[in-house]
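In order of appearance the chains are A, B and C, and numbering begins at 1 in each one.
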Amino acid sequence: MVVKKQERESLVHERYLRHQKKFPHVWCAGCGIGIVMGAIVRAVDAVGLSNDEVAMISGIGCSGRMPVYVDFNTMHTTHGRALAFATGLKMVKPEMKVIVVMGDGDALAIGGNHFIHAARRNIGLTAVIINNYIYGMTGGQYSPTTPTHAYASTAPYGNIEQPFPICQLAQAAGAAFVARSTVYHARELSRFIAQAIQKEGFSVVEAVSYCHTTYGRINKLGSAVEMMRRLKEDSVSQQAWEKLPEEEKEGKIVRGVLVDRDIPEYTRLYDQIIAQAQRAAAG
Amino acid sequence: MGERYEIRLAGTGGQGMILAGIILAEAAILDGKNVTQTQSYGPEARGGASRSEVVLCDEEIDYPKVIQADVLLCMSQEACDSYFHDLKQHGLLIVDSDNVERTPTSRALGVPLARWAEEATGRQITASVVALGFLTGLTGIISRASMEAAVKARAPKGTAEINLKALAMGFEQAERFLKSRRG
Amino acid sequence: MAYRLMQGDEACAEGAIAAGCRFFAGYPITPATDISEVLARRLPQVGGKFIQMEDEIASMAAVIGASVGGAKAMTATSGPGFSLMQENIGYAAMAEIPCVVVDVQRAGPSTGLPTNPSQGDVMQARWGTHGDHPIIVLSPSSVRETFDLTVRAFNMAEKYRTPVILLMDEMIGHLREKVELPPPEKIEIVERVSTSVPPEWYKAYENTPSDVPPMISFGEGYRYHITGLFHDERGFPTQRLDEIDPWIARVFRKIERNLRDILIYETELVEDAEVVVIAYGATARSARHAVKQARQRGDRVGFLRLSTIWPFPERKVEEVAERIHSVIVPEMNLGQLALEVERVVGRRKVIRVCKANGEMVEPREILEAIEGAGRWL
């Protein structure tokens, strides 16, 4: 049966969001985070997963609240540690699809160590990192992705630190799949997340977003609409980016699947360890 | 409280003091005794003071460490200097004369453990096993059969034979020593 | 089963396997590393899983994640790592996730003396996390008891949906002694409470008559939410006092009403005693030695050995203290559990025998305290 596009969208909403007293959500009007949530549930739907086989794990911050709204097996853990909690769950339930939602501070500052080691192990988790360049929930402190010279409540004279390039970090640390899109490119984002969920191994999707409430206000970047428009104007597909003259490459947000490689997945390898240990024990 | 018998093996890290303690303890279990084995060592994997203690008793052992040693084996000068003071008044002090120059008492029994090991197996590392044979041969606290079984069980793969040789050397020297005392 | 020589850390690992532990996450640290090493080898043999995480914070997190997935899970560490685990132990308490945390205490603070024993984490085990929550802490004083208490720790964790801390010390962790392990059929194993209600009726944090709500693993068709925020009966965040207060009351009640099962201790020679020595962990070995010696001399000394130290067995201590004039509390710290003893024994004299320099309290020192207690009369 062919379901009309309009109907399908409403079914996704019916099927994957929690209805008991969970809305309205805690996020600011105009925030991009809801678009990421939408992209995730559409990706789950596109892959054809049942609610029961999906777990969503989060840490602390605005992104930490997402699991409340989705009708999966959900866990809102401690700051920075979502990937470590997810690692334990994935090891004992390797058949589950475990999606880990984090912000830039959560994933790369307090959770930076867990991030690189989850990538190094290549354990089959999907990390969706919503990058808004700031700590939003605590009121606009600079994060590991805040651009140099930008202002934050804790960088009143401008940020003197370098930002972490999330995707390159994931690639260097050993992730099997790395992609980047923005909340303006919602359908592309959803497609990348669907690919990431299906990838066997550690997959990372950087969802570039914005925080008009803190970062936008402090850096005078205008309303949510203006920040959204900037995502459209400042981003470029990887193919287009490669064709750009060098001087125009600077400062562009490159969208696309940046890494897609086949590396043995951790829980699969561990199954082999079990078989090996049991053979040895049997004599 | 039953009679405790306390053995302290002291040397430097890497000399096999801890493994020697484990072998003694396992042999004691084969003899039907209650036993505790403890150790003390520094952060170094090799070098640094290392000691291993074994307490034997027919009854349940409460305090698991040596209070006053019945036997003290010293494989290094530092060990000898540090641990001599809590040897029992008539306790047995065995020192490796190849490694210990100054002995704190004239009662000390200086024997060339390293040289005996070299002689028996060609490997100085087996000196700790020679010492075990000598010590148990001298005191009779653990049966020779149990010592042999314990050495066999604990020797690293492929080294059972040379370790048994080392043990036999220790027993032989103990017999010779006892004979010379009697004779 | 035959007698064999076994180390405390190894007994802990074997106890875990016997209890049904099928997941372990840890980070190398002396003197707890031996537990990791044994489980790295043993767990896959029984179909379980072992992982060495990037630090102790991650280890504790992975243990909670695995428990949520349905596995009996454990981690093991020592003081520095135990400090790092505290936030996630608090999470396990808040989210009521069964798990076992082993702390093989070494002398501290900070890096301290990595290869020397201590009992310096007694208060940290009770109060190390922020906020108020109950906790169960067991402390073994022999290799065999390490095996038994590890099994009990898992049973209590699963039965009461709570983190349980096994507070060992370097002395017991590295001690080898002759043991005989019980045959598997003699070991009581407790599984977590489940339910057969349909998923739409399931409330992960329901106020049930037993005060322990059934726990269903992720992926079993019961989709629910787990959070470290205060939450309602379904697990969703709440700021409502009529949801927060019942939760707090329930998690304390589920421990308090089961003290008969949770409190483990043994008394010896207390009936006619004038002085009682109260000890736990490795120090209990010195204490028992000293008490026996004192008895041989004719001193009327009794012995109370605590295997459960939190919740503090205050009724028992009170009862034992009733007819005596002095209590002696030897510890490898500067008097942590002594504070609790002092709180409950009223006007009886409490004599502390303390050492925090990485050395064991020796029988001789306790014996001197027993003599001193007599003189004081």
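General remarks:
Rule of thumb we're sticking to: a residue touches a chain if its C-beta (ideal position, glycine included) is under 8 Å from a C-beta of that chain, and two chains touch if they have at least 3 such contacts.
Predicted, not measured: the structure shown is a model, and the values here were computed from it.
Centroid analysis (C-alpha atoms only) places A farthest from chain B. The most central chain, judged by the distance from its Cα centroid to the centroid of all protein Cα atoms shown, is C.
Put simply, the C-alpha centre of chain A and that of chain C have 38 angstrom between them. Taking each chain's centre as the mean of its C-alpha atoms, chain A lies 61 Å from chain B. Remark: chain B and chain C have CA centroids separated by 36 Å (rounded to whole angstrom). Contact residues on chain C toward chain A in their complex (touch as defined above): 22-23, 25, 41, 44-45, 47, 49, 51, 53-55, 57-59, 61-71, 73, 87-88, 91, 217-221, 223-229, 234, 236-237.
Residue ranges of chain A in contact with chain C, taken from their complex: 20-22, 51-53, 55, 57, 67-68, 71-78, 81, 84-93, 95-96, 113-114, 117, 270, 273-274, 276-278, 280-281. By the touch criterion given at the top, residues 1, 22, 25-26, 28-29, 33-43, 61-65, 67 of chain B touch chain C in their complex. By the touch criterion given at the top, residues 3-5, 114-116, 171, 174-178, 282, 285-286, 288-289, 292-293, 296, 360, 362-364 of chain C touch chain B in their complex.
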